[in-house]
Every structure is written in C-alpha cells, then in structure tokens.
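We call the chains A, B, C and D, going by the order they appear; numbering starts again at 1 in every chain.
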C-alpha cells in the first residue's frame, strides 16, 4: 500500500466532507418570511458551519502530521484510517441535525442532537487515537520511538477522547457553549501541534 | 495514458462516492416526531451507511493493489475501470433506496431494493474482475505472470461475483442479514488481501 | 502555472462532476407506488446516468491526452480549460432536466430538454476544440508541430462540434435515439484516440 | 507541513466547491409550467452560476500563484488558508441565495442577498490578502523580498478588498450589474496576474 495514495484518498474524503457542509446552509427567498429574518433565524446553521469547518480543518492538519511519521502502511492502520474517515464523513449530518434542532426542535431534541454531535466527535477522536497508537506502534517496533515516549505521546494525542465528551456535557446545559468550546479548541490545536516533543524532530521529509 | 493520473482520477471518484453516502442520512427536528424516535426509526440508513462505507473502502484498497501490478494502461483497461467506477458511483443511490425501503416500504419493496442493492454490488464485482483479468493479461503477455497462475488468481479475485449474489439471496429472506454479511465480508477483505500468493511478491514500488 | 496542478484541479472537477450524476437517481419507497414500478418509470434517469457517465469519462481520457502534449501553460489555455470545465460541471443539471422531462414533461418539454442537453454537449465540444487549438498553437510556435498538420488535427479533434448538434437534431425526432447515439459515440472514442496520427508518437512522458 | 499536501487539499476543496455550484441549477418539468418558461425564469441561476464559477476559477489560479512563492508552511499560513477556503466553500450558498432572491424575492430580499453575496466575496478577499501578507512575510524574513516591495505588492494584491465592496454597492442599485462587474473583473484577472512585477520573476519551479 503506497503512502502517497493513502494520503491522496484521505485528503479527497476530507476535502469533500468539509465542502459538503455548505449543503446545510439554505434559505428560501419568497416563502413569505423576509430574507433578513430567515438569515437571522438560521444562525445555528452558520455557527455550526464555522465550527465543523474548523474541526475538519484541524483533523486534516493533524492527520497529515501523524501520517508523516511513518512510510509503512499495514492493514490495521488502513482499518483505523477508514473508521476515522467514516466519522469525519458523518460530520455534515450531525452538524445539520444540531443546527436544525437549535432552530426548530424541542429542548429534548436539542439535547439529543448535542449528544449525537458530540458523540460523533468523540468517536472520531477514538478512531484518531487508535490510528495514532498504531502508527507509533510501527515506530516503536522499528526502534524509532521508545515505548515510554510512545505511551506518553498517546495520552497527549488522545486528549480529545476526554475533551470532546466534556464539551458535550457542557453542551447538554447550553448547546451554543459546546460550539464555542469546539471552536476555541480547534483554533488552539490549529496553532499548537498535538504531538509530543518526542515526535517533533520529525524525520526530514521532502517539503514539496 | 499515465498511471498516476488514472489512479488520481479513480481515487477522486471513490472519495466523492464514499462521502456522498452521508447525504442519505437526514432527520427533520421539529416535524412533530421527537428527534430520538426519528433517529431510532432511521436505523436502516445508519446501518446501510456503515456497510456501504466499508464496501467502498475495501474497493479502494483492492483497486490500489491491482493497479500497482502494472504500469502500462491500455484502452480496454480504461473501459473496465470506468465501468467499475460507474457501479461504485451508483452505490449511494442503491444504499438510499434500500434504507428507505427498510424504513417505509412494503415487504415487496424491500425485496426489490435488496435485489437492486445486491445487483449493483454484483455488477461492481463483475467489472472489478474484468479489470483484474485485463491487468493480469497485460502481465501474462509481458511474461511477468504464468497463464496458469493467472487463471487461478482470477478465480480467487472473482469470488465476489459469486459471494455477492449469494448474500443477496440471503437478503431476500431477511434484508438486515445481507447488510451483516456484507460488513463481515468487507472487514475480512480489509485485513486479507484478495490476490493470490503469486501476486503478493509485488514488483518493488515506491513507498512514497 | 504548474502542469501538475492544472491536471490535478481538472481531474478533481471531472471526478466530482461524474459522481454528482448519482444525485439525479432517486425513488421514494412507501409513497403509494410500489418500488418496482417507480424504478421502471425512472428508466430515463438510469439511461441518462449511463450516457452522461460515459461522456464525462471520455472527456477525462481525451483531456489527459491533449494536456500531455505540452508542459507550458499560458493564460488563454487556462481560460479555455475553465470554460470546458464549466460546461462539464453543468452536465449533471442538463442530464437531470432531460431525464425529468422524459419521465414527466410534455412533448415540447422533451424537445426543449433535448436542445438544452445537446447544446451543453456542443458548448463543451467547442470549448474543448478551442483548448486543443491553443495547445497545438503552443506546439506549432515551438516548432514541435507543422501548421498544416495542426490544421488537419484540429478538424479531426473538432468533430464533436459537428457530431453533437447532429445527434441533437436526431434527438428532436426521438430523444432516446440521442442517448443511444451519444453512448455509441463515447464507447467509440473510449477505444479510439481522437487525435491525428501526427500526435500519436507523443513525447515520452513518465508513466508513473 | 508538506507544501504538496497543502496544495492538494486546497485544490480538492476548490474543485468540490466549484462543482457544487451546479446543485443550484434545477427545474421541474411537468409541474404545470412549460420547461422553456421555467428555464427563462431561472436566468438568475444561470448568470450566478457562470459568475461564481469564474470567481472560484480565478481564486484557484491566484492561489496557485502565491503558494508557489514559498515552500515553507507555518501555522498562521494554514489558518489564513483555512479561512479562505471557508469563504470559498460558502460561495455555492450565497450564489443560490442571490439567484433565488432575484427570481422570487422582494426588492428588500434582493438587496439583502446582494450584501450577503458581496460580503462573502469581500471576506474571501480579506482572507486571501492576509494569506498573501503571511507568505510575503515569510519571504521578507528569509531575505527573498524587500519590505518596501512587499508593502506595495500587498496593496496591489489586496485590491479585491476594495473592489468587491464597491461592486456590492453598485449591486444595491441594480443586482445584475454586480454580476456583470464580477464577471468582467474575473476575466480581467484570469488574463492578468494579480501579483506585482517584483514577484513575477518567480523562482524556477518544476513545470510538471
């Protein structure tokens, strides 16, 4: 299995998923309600669009970082990568459901949609951490990373598996707070590498 | 015809098709039924989403494996590849039809949708086997594979042309069993190469 | 402007456009009409799906062939390429309109949809021929092709600008005949290079 | 962060966004209004499709030009690139809203949709200019561009941040004039590089 084709396919799926988010945005000029009111009422769609866009953008950045660590691809790695992509591809659905619940749903619907959205993010984080664990396992067996360093780095990389459920709990109290928390977390991770110092001196990779 | 552009285009189509599956998932918060009930009733959509995602994921893995066998691309190869992509691209449609039939259709509708879904998978397997036969034909004529080895490997690779109709027959008795069977088959093939031993010692390919 | 990025972007657009064709396929199990009847009534959608898929597939093959002729990209070439992609991207729309007209429209609607579909194909062929003329102009000025050979090859490559309107005229008499004609033409061009002999001995390009 | 993967992902998003524009085109043969009338009434959709297609096409060309200036990618650059893509991805939404308002909305709706469309373009231009400023900052710090040249080139590159609001103001008087203005601007920029002379003698890049 070639590294470049794995990267190309994953990038393709991520690019399509991030762009499909736009399909959740829609208004109907001429349906009796003036457009400005419709746009104002659609704020959950816009907020969810921005947050999910940032989340997928950060997934892409980190996906790139961890796949750069190794050139050898095995079947379990492919499996975890496919599971990760399955959760990412579902984000436009959980995003649309959350936005529609905030706009038209009952308080119970909003809580259900919050759990669906946060649950999808958590599932993504679990698959991502499993993928990272597999990659570092390959490194450890090849002697390129010490088992102790690996364990510490998995704990750091896996922070999302704790943070996402926590943010979801906050969302159960007030859903927009979940969106703000996710946006803040994404921007933080966009500027700060998720890996540990031990990984940062990466093997020199071609820059083009 | 350049090998890399064939791979790039095929990967693009597979990436878009696998991501479009998410469009089959949708609920309508605020339509009178509470969201939790709607999500529960939409279980066929979720099950079909997971199964079709796995199936396309495995197609991608195997597509990569067999295209790596040769660097020379001819017109018949392009034709079979295009036919394969045509069946793959239709999967979001057959998936949506099966899920909607399981949710809202009559028993007859479910059987028709099962045949449509299984038939699409079978057509895909036939096109895939024809593509494989063409690739190994190129190898045999170049002296890189013995005709006898080739015949045996085609039989192995073409197992899907028998397995998919069989699973479809089971689906006529109980449609969810088809989905379970396809999921199990996909996970099996994700971890086990479909090719024969004769192909496995592949010509060394660049890993990046 | 890098050749590889032009090819990558064009391939991306072609891959998305060919996959979006599937969105034209949809039935509604449980709407009162049994699924088998719905599928039978949707035959124009299936026929149009197959034909448009073949047409875009052949566009991709030929696009690749002619872009391989030169490594130098200038602004007019970019313009014609963008115009070509604009017509290709519209194919899912003209396909859906033709299929819906065949299923539900009046005889006049069918004729209007036939002109829309054939007109889009003709526009595509004109943009494609202009792109080819630009590429061969670059070759001629670089001394890699004789002006006389170029003129002859443009006439051959531009056959679609005549053939598509002719097929459209036949479609005005009987629309399904247009679909059959386009399918036959596409399969012919999939197996036979559109260029002239003078182009076929291409400058050796990397096969991977 | 590898340059080639940044380019690949960005190209993927741009290719999907430009192709999703086609989803804004739709008519319903057999709904009581004849197809020709429906197509004529849908002129805003066609006009907006062409204009948005040209705009995204030119974004792609310029994105390529400025990313070619440097091989080193840092986190702020990733952030501005993601923000740019977020505005580009929203274009199919603002395009559909403008077209639907022109077709069915009140005069106030049309003005609101004009501000939404022009505002999205302006946001895109601001993100694009910030991306350009970041790239040239990297160049300046590496000694590859003089600070003075940089300032002048940012002013030139950032012209869109002034031009888009101006065109939007014209659109408030007569929306179709905005579309014509944007089309003219896009075609101008397609044939004329946005950069300054100082950038044009680019470091020699591989042409394939």
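For this structure, a couple of remarks:
One rule holds for everything that comes next: contacts are C-beta pairs under 8 Å (C-beta built on N, C-alpha and C of every residue); 3 or more make two chains touch, one makes a residue touch a chain.
Worth saying up front: this structure is predicted, and the values here are computed from it rather than measured.
Between chain A and chain B the CA-based rotation angle works out to 90°, given as a multiple of 5.
In summary, the pair chain C and chain D forms a contact in which the copies contribute largely different residue numbers, shared numbers making up under half of all those used. Centres computed as Cα averages put chain A at a distance of 26 Å from chain D.
One inter-chain figure worth recording: chain A and chain C are separated by 37 Å, centre to centre, where each centre is the mean of the chain's CA atoms.
Residue positions 8, 12, 15-16, 20, 23, 206 of chain B each touch two or more of the other chains. Here chain D touches chain C in the complex through residues 7-8, 11-12, 14-16, 18-23, 25-30, 34-36, 39, 49-50, 53-54, 57, 60-61, 64-65, 68, 187, 190-191, 205-208, going by the rule given at the top. Of all residues in chain D, those touching chain A in their complex are 1-5, 8-9, 12-13, 15-17, 20, 23, 71-72, 75-76, 78-79, 82, 85-86, 89-90, 92-93, 96-97, 100-101, 103-106, 108-109, 112-113, 116.
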